[in-house]
Structures are given as C-alpha cells and as structure tokens.
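Step one of this worksheet: look at the structure below.
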Amino acid sequence: MNGSSVPLLEIRDLSIEFGGLKAVNGLNMEVNDGEIVSVIGPNGAGKTTLFNAISAMVPITSGDILFESSSLLGLDANQVTARGIARTFQNVRLFTNMTILENVMVAQHCRTRQGAFGALLYTRAFRREEDEIRARGEEALSFFGSRLVGFRLNQPASVLSYANRRRLEIARAMATQPKLLLLDEPVAGMNPVESAELTRLIGRLRDEWGFAIIFIEHDMSVVREVSDRVIVLNHGELLTEGLYADVSVDPRVVEAYLGQETIVEDAIKS
Amino acid sequence: MIGKWAPRTGAPRTGVDKFLTLLRVLAVGLVLVGFAAFIAQEINTDNAFAQWANPDATGLSGAGFRGLVIAGISQGAMYGLIALGYSMVYGVLGFINFAHGEVFMMGAMTGWVTSTKLAEAGLWESNFIGSFVIVLFGSILVSTFLAVVMERVAYRPLRGAPRLIPLITSIGVSFFIQNMSIVLFGPATKSYPARPDWVKNKHTALQIEGDKIMVIAAAATSMILLWYLVERTKVGKAMRAVAEDAEIAALMGINVNRTIVTVFAVGGAFAGIAGIMWGIDFGSVIGHTGFLPGIKAFSSAVVGGIGHLGGAMVGGLFIGIAEAVGPLLILEPLGVSGVSQLRDAVAFAMLIGVLLLRPSGIFGERLRAEDRA
Amino acid sequence: MSDSTPAVEGATPLLEMRQVNTHYGAVHALKDVNLAIYAGEMVCLLGGNASGKSTTLKTLLGMVKPSSGQVVLDGEVVNDRSTAYRVERGVTMVPENRRLFQRLSVRENLQLGAYLRNDSAGIASDLEWVFELFPRVKERLSQKSGTLSGGEQQMVAIGRALMSRPKVLLMDEPSMGLAPALVKQNFELIEQIHAAGLTIFMVEQNANMALSIADRGWVLQTGRVVLDDTAENLLTHPDLRASYLGEA
Amino acid sequence: MTATEMRPGAAPEPELAPPRRALDQNWRRLARMGAVAAFVEVFIALSGMPVRLDERPVIVSILSLGYVFIGAIPIVVGNRIGRQVRREGVPVHKAGGYELLAGTLAGAVAAAGLSVLVALLTHFDIREPLVNWSPQLLDLLSFNRGPVFGVLIWLGIGAVGGFIGGGLRLLPARWRRTLVTMAATVVLISILEQLVADLVSGVRLEPVADWFYGRRGGLTHSGAGVTAAIAGVAAFFGRGRLKAARAHVQSLEGPARTRATSLMILLTAAILIVVPLLVGSLTNELLANVGLFVLLALGLNIVVGLAGILDLGYVAFFAVGSYTAAVLTAATSPRINPEFPWFVALIFVVVVTGLVGLFIGAPVIRMRGDYLAIVTLGFGEIIRLLFLSDWLSGWFGGAQGITAIGGVEIFGLTTVDGTNPRGVFYLVLVFCAIAIYVSWRLERSRLGRAWMAVREDETVAEAMGINTVNVKLLAFVVGAVLGSFSGAIFANKVGSVFPSSFLILVSMVILVVVIFGGMGSIVGVIAGAALLIGVLGGPKQPGLLAEFSEFKLLIYGALLVWMMLARPEGLIPSARRTRELHQEEFLQDAWLRGEVDTDDGNGDAQGTEGRS
C-alpha cells in the first residue's frame, strides 16, 4: 500500500444475489493506485461475480462500488470502461473474426470521438485520429514482443494459439487506456513456461504502464510471485486478506481453499 | 447479458432508457385510460369523460363482450397450439423456426383435401365425428411428416452454425412451403365443406359455439398429453436433457438426433391439430393462411416466456383475447375509428408491450445453457 | 509399438485406437494415433491447448468419426457405432467443467447417467454405490444441480458417469480451472474410484499432477503422439520437463 | 485467402490415386441422391413450371426453358455423385469408370421419377387438388408420343444426362470449365434476351438482333452456335488471363492500387451512364426497378450486414419514405398538401424516417437477435396497417392511398417521373452512389469497427467501452434513411402509393437479396439485387423472365435455403463474412501457409522467430 489517502477502487458492503442465492455477501475491499491485488478462493466463491459487478455486467443487490471516489452504480458496462476499468474474461472472449489490429483498435472506442460525419467527410481530424488509434493499438500489442505484431497485425484473431489469444485479450484491455485492469485467470490453460513469462509481464504492466491490477488466479506460483496483497473469498464473503506469506499459512485459507499439500509443494519448490 | 435486462440499483440512465421508460409509462397509461373510458361509456355514454374520449362510442353489450372473449379464447387456443411447436424447437435448438406457421397451414390444407374428398363420398354429413377423426389424423400425419422432413433437410446440417443462420434458413423454408402449396394446389381460396349444425350452434349455459368448444377441448387435451410426455416419460427427460446440453445428453446415451426429430414431430402434430381447428372454425384456407397466425403464435410463445410450455398456451390465450377484445375495449373508447381493422396491429403491439415491460415473458424464459451465459 | 509395458502382459486392450486419423472438415486433428488402454490401468494423455486431446476423447466416444483407422472397444471395432452404443458397451466420460444439467435435480442427473439401462435393481444398487462413495451427494438429491458448490458438482459429475456402470472412464481435464484444494480432492476421488476397480483414461494439461497418479501416459502434440512411456519415465523426460513442467 | 480459393483447381493439383473400380459404388449414397433428385423432378413437374416455361424457348425449336429445368437435374446429380471430399492425408482418386457408372445410374434414377409420374398421369386423375396434374403435363413429358415412349425416354434422358454429368469429371479441368461455361452462357444470353436485343437495337443493329433471336423468343440456331463458340473460346483461353489480371490488381499497393480501383469505378460508372441511353423504355423501367431495390438492399445491408441486426420490418422505412414524400409533394394528399418540391420534401423524409427509426429502434435494439427480428416484423406490419386504417385515412387515404403524385423536378431543368424511366434510373443511380459511399466510408471507420465488434460479441463489445445501444441505433437509423430514399423515389416514380405496396413480403425479398448477394459486401448486394430482381423480378415488378412470376417466390425460398446450406456467405462475400462462416477452413488454409500458431509448449517462439 503506497499510503495515498484515497483508494482507487473501494467496495463497500457489496452484496449480489441471483434468485435467492448469495454470490457475494457484504464484501468490503479496496485497491490503491499502482497495487497488484490477487483474488483467490474456491470455485463458486464469487470471484468472477465480483469482477462482473465491478464492470457492470451483473446487477448488484446492495452496497456500493466507488472508483476514484465516485460511485459506479447506475453506469452501463461501457461507461465503467470509459471511467478507466478494463477487464479480460475467464474463457478468453476475443472478436475472433476481426484482425488482431482491429481488436485493439476497437477497444479505443470510448477514448475517441470521431463519428459518422467525420468518416463520411473524411476530415483531417478523422484521419489523424485513425492514425493515432492505430499507433496506440500497435504499442499495446508490441508489449508482448514480436508475437502479435508484424505480419500478424492483419490476420484474424482466430488463427492465434491459445496463449496468444490470452495475450491479445490483455492487449485489448490495455488499449482501452484503463487505470485499473481486471484479469480473470490470466494464465489458465497455459503451460508453466508461458505462465512464468506472463507473470513477469503482469509486474511490468504496473511498473511501465502504471496500471493497478486485480487478478483472479488458481495458480499459486503466479499469486506468490506478483501480488502485493491477496484477498481470499469464500462463499461470497471476505475470508481474509494480506500478504501472500501470511495468507497462505492461515489455517482457514488452507482449509477452505489451498489444501494441506499445496503448502508442502510450495515449500519444496521455493 | 443479464445486465442488459435487469436494472441496476442507482438511477441515472442513458437517453434510450429514459425514452423506454416513457414508452412503458405511455403504454400502460394508454391501456388504463382506454379501459377507464370503456367503463365510463358502459356506465353512461353521456358522462363527460366518455364524451371527451370518444363521443361516437357506442359501448359494448354484455353478450357482445362475452362473444368476443370466447372467440378470443378459441383463437388464442389455436395460437397456443402452434406456439407449443415454436417454444419446443426454440428450447431445444435455440432458433425461431419461422416455417412452423406453414406446417400449420399445410395441416389446414390437408384437412381441406380430405374433408372435400369425404364430403364427395357423402361421409362428412352422415358421419361427421368419424370423418373429423380421419381428417384430423390425416392432418397430423402430413404436418408431422413435413416438420420432420424440414428438420432433416434444412436444419440438421446447420447445427452449430451462427445463431442467425438457421433463422434465415427457416424464413427461406417458410417462403418455399407457402409458395409450394400455391403452385401445387393453385392460388384460389379453398373452402371446407359445410359444417353440421351442431358445430355452428351455441351450447351450454355460456352459449359457446360447438366449434369453439372443440378447439378449447383439443387444446386442453393436447396440453395434458404434452405435459405428460415431457415431465413423466423417458423421452421427455431426454428432451429436457438435450434442451439443456445436447453434447452431454449424447454422452448419456441419448440419441440427440432422434430426440430433436421427436420435438419437431410433436410440434408438427400440434400444428396439424391447430390447422384442422382453423379450417373448421373459419371454413377456408389459402397458401398465405399460415403466415400471420404463425407470427402471432411465435409472439405468444415469447409473451409466455419462450421454452416454457405452459407459457406458450397462456401467451396464446393472452394474444387471442387481446386482439379480440383490445380494439373495442381500449382503442374505440379512445376515439379510434374502424378499430376492427387494427386487430393484427393490436396483437403485435401486445407483443412489443409485453417485451417492453417484461423482456423474458410472463413466465420467464427457459433457454439453453449457452444462451443464458 | 509401445515402449511402456501394459499392466497385463499379452492381454487385449479394453479400449484402443489403431492408426486413427480424424478430420474436422479439412482440418487434420489427429494423425496416426495409437493408444491402448488395458483393464485396471490408470493412464493419461498430456498435451497443450489444441494438441488434439479433446478430439481424441470425441473420437473414442463416437462424437466425431475417424476418417481412417480403428477404434476398438473391448475387442470390437466400433468405428460406425453411435455414442449410445459405446456408452452401453462400457465407456463414458466425465466432461471438462463438469457440465451438469443445471436445471435438473441431482437425482435426475444421476438417473440420466443410467439412461440406457433397464435393470432397475442394478440401477438402484449403483445409486447406493455412488452414495457410498460420495455421501454428500445423497444429502443434495432433490436440489437443482446448478445450486451445488464446485466440489459437490464434481462428485455428481463423476457419480453420473458411474451410473452407466462403465468399464473404462474417460476424464476430460479434471483439474481445469479448479481451486488447488479442489484439484487435490478431485485427484483423490479419481484414485478412489480407480481403487474401486475402474479403468481410467485421463486427459490433462497438469502433467505433474496427472503423472503422479497414473501408470502410463502419452504426450500429444499437434495431433500426433510424440511421447509414449511409463509415468515415471515421462516425469523425468527432458523434453516434457522443458515444455510442460517449466524447467529449462 | 478465402475458402473459394481453396477449392479444387485453385490449389495445386494433388497427386492422384488410381481410379476407383466401377462396381465399388457406395450404393446407399447413390440411391439416396437419386431418390432425392427424382423427388425434386416430380415436384418441379407438378409445380407447373415445365408447362408454363415451355412457352419460353431457349434455342428455337430445340429446347425450351421448361425442359432445361427438368433436363439439367440428371446432369447435376450425375456430376455431384462423383464428388470426392478433399482432406489432408486422404487420397483423391482419379476419375474413371466409377464416376461414369455412378453418374449414369444416379441420373437414370433421378429421371425415373418422371417416368413414374408419366405412368401415374395416364392412369389416375387427381387434378383436384393438384392443379397441374393435367393432360398438358402428360403431353409435355411424353413428347406427345404416348405414355410408353414417355416412360422410356425419361429413363434414357436421365441415363445420358447422368453419363454426361459423370463424364465431366473425366475431362481435364480446362475443358470441363469450357463446356460448362458454353452451356451456361447460351442459357444466360437467352434469358437476357430483352436486355441484349434492346441494347443491340440501341446501337442501330436491329438486323443483328433479328438474326440472333427467333421471332417468338429464344436464340436461333446460328445465334446459339455463335454464342457457344465465343463463350468457349473465351473460357478456354481467357480464364487464366482473367485470374492473372485479378491477382495483379490485388498485388498492387498504395497509389497504384488506388488508381486501379478508381479506374474500375470510373469504368463501371461510364457503363451505367451509357447503357440507359442505348436501351428502350421497357428495359430502362427494369433498370430503375433494380436500382430501387439496390438502394433498399444497401440500406438493409448496413443494418444486417454491418451491425448484425436482423431487421425483418425494413419495409416500414420504405413505406414511411414513400408516404412522407407523397404527402408533402402531392396536391391530392388528403390532410396536408404543402406541395413542396421533391428535394425539399426529401429533407423532411430524412428527418421523419430518422425519427421513426429511432422510435422503432429504441425499444427493439436491446432485444436478443431473434426477438428483434420478430418485433421489427411486427412494427413493419403495424405501420402498414396504420396507413391502411380508416382511423388515419384522413391523412393517408386508407386503402385508396395517395394518387397523382408529381414527378421529381430537378432544379427546374427537367422533371423525372414514371413516364421517363431513364431519368428515374439516373436519379436512383445518384442515390445508390451516395449509399455505396456511405457504406464504404462507415465500414472503414471507428463506427464500422464498433459494429463489427457488436456483431461478434455484444457483451464483450460493451465491456470494451462501446455503447452498444447507441451504435446499433445509429446503424438502424442510417439504414432507415437510405431505405426511405428508395421510398421517396418510388412514390414519385409510380405516381401513387398504396398500403399494398408495403407488405412484409417486400422486407423478406430485400433480405433474400442481401443474403443471396453476400451480407456485408457492397458488390455482392448489388449483384444480388441485379440478378434476383432483374431476372426473376421483385415482389410486384416483373423481371426479364416474366414467365417466372408465379414461381419467383418459390425460387426465392429455395435459393435462400440452398444458399444457407451451401454458401452462407453469399454470392460475392465480404472477406470477413467468409471468415466468420468458414472459420475451420480458414484456419486450415492459414495453417497450410504456416501462419497459424501451433505453440503448445515452446513452439510459439519458433513460430514467430521463423517469420520475423
């Protein structure tokens, strides 16, 4: 925690119900500027629901979500993105038939202004903006090295490998120029080599691009590696939060989520 | 997707939402004012409110009103029968089978062929019940067959295609069957032979025509049979499993293709029954007969909550009664002239109104897992 | 043909793929794949995304037809047989992400598992067996399966598969997207039913975990089997360690 | 890049396995295909198409369109049956006796349907209910020589046709293409008779037309011969060059590409401007009709093709455009008749349609795709019913509509109305050009990308900061306004508007045009309208094949189904649509060229480094 007085994101007493089922129940948490926070917890603990609530994709039952001290309630998903929160999805959802470049270009929609008339009259402002969109898109893509740029730019996203789709999805979220990035299981389905690399990139995203990051992850090596703070959810409630070292030996966390063996394995690995 | 429908807590919305709220208020307001004017005119045509709303309104007699409601119920029961087919196919395959209305039309058309042949042989008059059973079976047979062929030829190859593809295909199928009946049977209106008197006469204390009783009875029987089939039999369990997740259903050893064919067949059979009812009630059929009832039946399925079988029937009754009563109950008191021309418009307006107020229908939708995501 | 020794010398495999090629349209998803699973074994198939793992399962189950080669179940070539037939003959799968019928009750889910069976006595006794294995399931019988917790769903999914009384059980990515404790619990469940006498064929990305409980394994890469060995040998195989276990 | 280029012929010919043995047939497949074809033959015969089209010769005294239809099916089946699926690692056999035998048998089975029909026609009479169960049909099918001849000759025709179809597979690709092109061109030139003859007469070459076409329609023998010869030579020698030219244009970059494109556009424009000057008013009328539908189709294409909103009530905007123009320009309009000049009225048309578009769009735009389809359909019907109703007849004339609408006065220079179809065509052309420009510019803008994203995954588009409601609404309104242009021209061209011109059928026909041509593809949509409306005719407008009028909707339906099953991307697809619908093939294609990532493990690094 970097000691700034007002948290970037503040969740107050958040509850979400689906047909009587409490997915999230009275949750309080905050995230500061430049912080990397991981959210862990067993399946069905409400992690993805929390993301959906922050990005305005599910209705919330009660409570409040404050971003930069003003409430996100009543905003549509696109308005939340415009305020500076971008996300990725658990099961990678790209625009697979659009090209890789178009994927990152379209993500800048809420940062750009040119409408139908600019396009029809082909004004100078329109052309300048198009160039800017393109340049910014390529910048986001080049964050991942040579994988997504060059001859790939004009290929449809459907030809990408699984790992590259995950990378492109992150690039697309970066292109919305957010302040806060929500990553839903960023390394799921990647092999250890790939996930180790992505873990380093998550650190660089904060250091070089200045994003605050919340991510959901089941892979404890990633959580241990990059998170400043770990939040543990269970049955939609905050079980505990703190440094990985503390959380991972908390008996409640071990019981509800990690299981005895993981700690032992962890110990062996590190 | 859920976020699109359910309002989030907190007030400020976009311009479109404000406009929609306005529309909702207006729609409800229109219905309420119309209804109030109707009541005012019923009490006394000279009172100030009635005069303000429509000085020329004549009011509606109790008997006339009852007649309209009964006609609406019988019409609605037919919509409901057709709607079952839409709802079942939607539940299992996730697309509007636009051509289902034509299956209904072909049922009515088959009924015309068999009933005229039977009338030529003199059986229609001498033994109406027997002939009716033959005609009914003929129609059920043809409609079922048509629905099954349709599935095999046009829809099976499209499993897993993007959503709108089978929908567009079904529009093509609908076009095709409609015009097929025109080129095969000719464009002229086909008249059913005359009905015996007891079918035309009114019965029971409620003074309901015989044909209306038949329609309502047929619909009720069909509903019970269908409920039994879906909830109580192994085939029904297979249908529900396929509706939820076809791939896993196959893994359970369920023959998915056969289950889907069954769904089409059952839907087709109900459409065939509806076709005969239509033919006997209205006495004639042409190639275009299927289109409007088809659309309205689909609307009924949506209004009731698509995928929900009871909902389809309730939706059918709702649309049927609304279009029978609505023009005189709401539009005329408001000073609209020539209201009976606006029957169809009222039916569609009801669909739009219901979707505005309750986007997932009266009973809520039952969709496949992937549609709900 | 195989470096690894089957559990029983000279026995006929329970489930076998011989020189199988599978296409999706023009895409060549499996290339000359040979697999043999013997009774009583626990074997695993490893591979990254899009390496052909799920195609292998689908081909084994008859959800896609191989364009050449043979799928042999218990000595019978079943290439042209339906999924239903194969399920009846004793092969079934626990799908990835469980995929229960969410709107149906736990009881109905289990009943659907026994869809093809008509011996009500046998079904009843198998139901008891499932309750014995997973007492938690019994408490939830009339609940809609969509409302269960992740761990309970996993139990119902396995129970549902057991209800068809399979000889060989296929598991598709049992650890995918699960919390560490659940992954652990899940593998314990697998070992438990294996101990109960079931032959298990597991498809996994989590090579470490899978190899720790399996007897033998194959590694699939772009539709081709590139490694075929005992679990111990695979665990120490340099190629595998480099690309799957994250050690250079 | 597209799936089309992957088809046999384009790819380097693979090594062929030896021919299959003639008797190793897949008998079940043969029986099934034959039976389906036989059923189709009988259906076509009973639909009355052959009898009706018998009046339309293709080649004088040899062949009528009626026979073309039922005669082509055995050939097609005979050819289809020998098709081999090409898959990586699976051998493709050289064609031989297998294909000939399969073709002959399948063709015979197909035509045997007609033999059976002949036998049945002789012995039974079920003219009630099947109206075409007639002696004329029997005469036609038995060539007036009695039932026995009829039964036998169809078996023979089928076998020969099937043999030809199968035999085509034995020919080298170049010859096969040449033959098919020759046959197709002869039929096409014969169908286009009105257009061609009119054009030839327009350049003062009437004698040529007389020599080419028979007095009662159809190509003369010499005409057919010349056509076939020219087509054959062109196909035999020209195809490679055409392909090379296209490849050359596609390989151009930067200014050179722009220059080539502009040249093409200029050339097309020149042809479109010159042709109407040469042809008579009947053909111009046809061109104007086609133009109106092109305009409608371009509008709907923005809604359906670009934004992915399946609007089945598009006719509503056509209607609103027509009625607004009629009310504002006609002196006879019942309630208000300001008698504005047409161009002034057009401003109001845009405003009114835009508002109606917003009004309809706002409630529907948030609905799921299929609900949206049905609700827009409902709105389309409601709008027509309102125009028709007594309630609003004081404004719009009810069923009597509004008549005596004046023409379009163009800046005092000239007046364009129905009596001057050439003028109407030019007017339509201008508006089409506007519509094309609008579609083209918008597709390549920030808005176009947003539409694409919405079409692919609305939830994600919303999460990526796109206000999906607004962008979809905009597409809806832009489409509406383009459609209303067509309506406004229509009102002043025809001189009257009636509610019966705005049936839901019109919406459906436009949808078929868009889908047939290729959703999202401007060229495709134009080609679709030209082919369907021009040749078969619109909902009420006759096309070049006026004889088809009673069958055109049947054919529209069949075409739509066939298109969805066989080529869902349409006739001339947009590259992106093809991708969406053939993702697997596309992947395979990319894979063959080594562009797909295959990184499981550390393959990724190799994949990229190998390239960059």
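Letters A, B, C and D mark the chains in the order given here, with residues in each chain numbered from 1 onward.
The rule is simple: a contact is a pair of C-beta atoms (placed from the backbone, for glycine too) under 8 Å apart; a residue touches a chain by one contact, two chains touch by 3 or more.
Everything numeric here is computed off the predicted structure, so don't read it as measured data.
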Required minimum of steps from subunit A to subunit D, each step between chains that touch: 1
B-C or B-D, whichever has more C-beta pairs in contact: B-D
Length of the line joining the C-alpha centres of subunit B and subunit C, rounded to whole Å: 45
Chain centre separation (subunit C, subunit D; CA means) in Å: 49
Whole-Å gap separating subunit B and subunit D, where each centre is the average of the chain's CA atoms: 33
Overlap residues in subunit C, where contacts from two or more other chains coincide: 48-50, 242-244
Shared interface positions of subunit D, touching two or more other chains: 459, 467, 580, 587, 591, 598-602
Shared interface positions of subunit A, touching two or more other chains: 57, 76-77, 161, 163, 191, 193
Contact footprint of subunit C on subunit B as seen in their complex: 234, 237-238, 240-241, 244-245, 247-255, 366, 369
Touch list for subunit C against partner subunit B, complex: 61, 63, 82-84, 87-88, 92-93, 95, 99, 101-104, 108, 111-113, 115-116, 160, 164
Residues on subunit C engaged by subunit D in the complex (per definition of touch): 21, 23-28, 31, 47-51, 67-68, 221-222, 242-244
Subunit A to subunit D touching residues, read off their complex: 55, 57, 76-79, 81-82, 86-87, 89, 93-98, 102, 105-112, 114-116, 118-120, 122, 126, 129-130, 133, 145-147, 150-151, 155-156, 158-161, 163-164, 172-173, 176, 191, 193-194
Touching residues on subunit D, where the partner in the complex is subunit A: 437-438, 441-442, 444-450, 452-453, 456-457, 459-468, 474, 478, 576, 579-580, 583, 586-587, 590-591, 595-604, 607-609, 611-612
